[in-house]
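Two complexes, one shared chain (subunit A), two partners (subunit B, subunit C).
So, the complex of A and B:
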């Protein structure tokens, strides 16, 4: 059975919270391995990898630089350049924080790459979430393709009138200055027309709304969501109660 | 319209002025549409048709969009407007449930946030709080009516132009409005598409819907209308049955295009260019084949496997001499636009080569080829991107050169838009936008002119300007390739006609 979007969201959210709160090596590594395995199984690994790299590489590097080089409690010095000392304790702490952060980022990204946005919008609308919020959420899915196709059309129109664009991403990026203003103006103009269409189709009405898309849910999933949320709350409570728990 | 029951929709417009403007765009206009009737509102570009349509459909709201004096009457309820803040407010949602509207660009009617055709159809019903079982029934019924049954699970942006129009009509009729207003629904549809649409309109009229078609062409189907209203300068210039209007000769004056009656194929135009030309042809295609490589190019993004791409063009070969007009006719989706995009290098052939004045353009950026080949896109909104008409034509010309000034002036004069140089392109009516797009191409004085469906959205005056331009540029030695689904037009202007079907060139019948 397909996971209800709110179940995926609850699972990802509570896993991220619990891993962060627990601050435990084995748990972080297990979550990282599980997220990697699921992304391969779900066929999203190739799309996820560049995003993971863009988000995690700077974070992990800065953690290593901060804690690896400047860890006041560190005693076992591996190398030293002036005030900067590489200590075993510092590296250990940095790697632990990096694993914790990577686990949280990976599960949240996995969720965002596998969740069906239309299902999520339908599930939220069914729970009375405001239509405008649902529209913004759904637009995250459609806006980027729409902008890039509009950009492509403007670029072709300009090329057809003598704008020389060298092939490849560098050429296109260089020519973007010619397309930026027309792109924004045409999107603004579009928004005006779109708003008339949406209003005429009753989008502005304040009454009760229904959803055509049926999202499968089950009592089991409802229970699972409740348990996940409670587990996340419990993890935070435990952490606050015993601030050093799990820290090695 | 002698029925005793009140009309489904009526309007008495003393004056309608857009916000921030002085001159009324509509004035002294009385219209009424009875249930189960078909009315054609005919008029040239800028006659006020689209404004009237949007005003009647609640897409242009009195007060917000402009000042209305007069009345609107829907299903027996009359709203009077005197142009003050105390005027009644229209709720576009409930108005839209009773008056469906299909804009000229069907994509503009879509919500853009629904993942399938079925959900897009249901969008209006969701907003009205209709229960799911009723929605499912309505979606099935509307899909059957508009021929969308096989497409219900498709993502709307992947639909073709004709399919998009059917979806926009479906979205407009799913709430069973008493009135359906369609703006230029037949534009750019081929014969099959137009026949399907005609059958749909007949069904709706039989079911009691008042159907209003806004058009600048008095197409054959519209001769079945109960009433024709001819609009000129924002007011009704003539009204009556099609026969009465034709007899009165009111169409030509208003700039309405009247397709010639079908009296067998017309003879092709006489070639005005010398039969023997020295040197290479202006344009030559050698065995050109093309396949969209969408699935291969994605690389990292192969998660959505598409169907294996079929070749769009199969081994096309042809040559066009300087001063020659070649027409390529064919149905929607035959590969006509793809062919034209090869002529200026926007697309590169998968196999074969394209030669302009004997030079292979393979591997050259489209921007370089543009000096020799001018392409008129099918949609003016794909071609126009600047802030004023004058800047639009000037784009890409050498800045600050007197020659550029002269080229801009001449190009605008050639299409008759010189008096509109300071206007914003998006404010122009569709026909003038098309002419402006043509001017942007002419300003570069290309040796090959490639025109994609040049007659679409041109009114009578626009067609006359297009004719003048094509004839005068070919007289100066430009080679013209035009693709069109309008065989009559192709025969009236071309020296040579070929057909393209499923990506293959065939001799014309």
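So, the complex of A and C:
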């Protein structure tokens, strides 16, 4: 049976919260391995890999360079060049934080890559979460590829009219104006048309709504969601109760 | 005799929404004050995950309360612009975010909405932007409160006429960036233990090598990057807004009511237009 979108959202969210709260090496690495395994099993690994690399590579490199080289609180010095000191504590802090963040990022990305957006929107509207939030979410996710391609077409059109991107900040700012003004102009115009169409179809009204799309749900999944949310809250409470417990 | 209105909100719901907005703002302010007061004990002793959790939950709850309070009150013409703003934020911010420039430029859409539709719409757009963007990049989720603050401040600047003079827009951006950067610094420090970009990371490293604590170093980095970043963003938005045709600009009630832009004075029916008509679009 397919997972209800809110169940996978709850699973990802509470895993991220619990990993952050636990702050332990073995758990972070287990979560990373599990997320990697699930992405391969779900067949999304190939699409996820570039996104993960773009997000995590600068983050991890930046953490390693920042704390690996400069950690004034560190005492065990491994190497020193001028002001830069490689300390055990700094490397430990950087790696620990990198593992923790990678685990959270991987789990949340796995969720957003496997979730079905139309199902999520239908589930959100059915739960009484404002139809407006669902509209913003769905509309953004569907507009994004369309607008990226429109930006490409605008650039081609302006290049055909003789736009050359000059080197340097002034040239780039000029090129930005030539591309951004037509883009924003057409988007604002489109939004005006869409607003009239939506208003004519009763979007602004507050009455009860029905949905064409029925999302499967089961009592078991409802219980699982409740348990997941409670587990996340319990993890936060436990960590606040004992701020330094289990800190390695 | 008087049946309840089907379209207008009752006074009780309006009061509830005002309460939600206030609670959201209080949650964000309270979280920030708590984090700044409690930081020295935490960051070097252990992984500091208690502070990370407080920063995450406090700022996120505040942002979500703001969204719940503001979103139902927005007119549909503003609401359909929010996805457009989000896409602009993402398309432009994704590109700049992790490159070798210590700027982000991830608020152009948010500031655009704030100038056209006001502080409440700006705050909601900022918070929504972070939440929706986290579907592609979960690392922006904790910055929802900072983004909401920038949207709110941009709207306040627009209401007080700082976009009427072209040279005042970067000044307003600079000031908004100082406030936004200082509020976002604890998130970067406690949730990420640093920054997510390479160039911003290099600036933090420079301050760390002088012996600053992590929060102090990141706050200083934010005070270098954010005001410049927001000054650029506010200027770009001013360029964009003045490039829009007059008809499009004037379709927004906020722009007409507070005379946000130069040359958008409404001619009064009693005769005699207020202000010079300087609205050439060339």
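Brief remarks follow.
Methods note: the second predicted complex is superposed on the first by the 210 of 248 C-alpha atoms of A that agree within 3 Å, B and C clash if a C-alpha of one lies under 4 Å from a C-alpha of the other, contacts with A are read in each partner's own complex, and residues count from 1 in each chain.
Note that in this section contacts are C-beta pairs under 8 Å (C-beta built on N, C-alpha and C of every residue); 3 or more make two chains touch, one makes a residue touch a chain.
Note that the coordinates shown come from a computational prediction; the quantities given were computed from them, not determined experimentally.
Within the superposed three-chain model, A:50 lies in touch with subunit B and out of touch with subunit C [touch as defined at top]. In the superposition on chain A, contact of A:41 is made with neither subunit B nor subunit C. In the overlay built on the shared chain, the residue A:212 is in contact with subunit B alone; subunit C does not reach it. Judged by the number of subunit A residues each one touches, C leads among subunit B and subunit C. Once the two complexes are overlaid on the shared chain, A:177 sits against subunit C while remaining clear of subunit B. Of the two partner chains placed by the overlay, subunit B and subunit C both lie in contact with A:204.
Look at A:159: by the touch rule set out above, it reaches subunit B but stays clear of subunit C. Of the two partner chains placed around the shared chain by superposition, subunit B and subunit C are both touched by A:194.
In the superposition on chain A, A:121 contacts subunit B only, with no contact to subunit C. In the superposition on chain A, A:135 makes contact with both subunit B and subunit C. The intersection of subunit A residues touching subunit B with those touching subunit C, taken from the two complexes, comprises 135, 139, 141, 185, 189-190, 194, 198-199, 203-205, 207. By the touch rule above, subunit A contacts subunit B in their complex via residues 43-44, 46-47, 49-50, 117-118, 121, 125, 131, 135, 138-139, 141-142, 145-146, 149, 153-154, 156-167, 179, 182, 185-186, 189-190, 193-194, 196-205, 207-214.
Of all residues in subunit A, those touching subunit C in their complex are 16-17, 20-23, 51, 54-55, 58-59, 61-63, 65-67, 69-73, 83-84, 93-94, 96-97, 100-101, 104-105, 108-109, 112, 130, 132-133, 135-137, 139-141, 143-144, 147-148, 151, 176-177, 180-181, 184-185, 187-192, 194-195, 198-199, 203-207, 236, 239-240, 243-244, 247. Touching subunit A in their complex are the following residues of subunit B: 54, 57-60, 91-97, 101, 103, 108-115, 118-119, 122-132, 135-136, 139, 157, 171, 300-303, 344, 346, 365-368, 370-371, 374-375, 377, 381-387, 395-397, 426, 440-441, 444. Every residue of subunit C that touches subunit A in the complex is listed here, in rising order: 6-7, 42, 44-47, 49-50, 52-54, 56-57, 67-68, 71-72, 74-77, 79-84, 86-88, 90-91, 98, 112, 128, 132, 134-139, 141, 192-198, 200-202, 204-205, 208-209, 211-212, 236, 239-240, 243-245, 248, 251.
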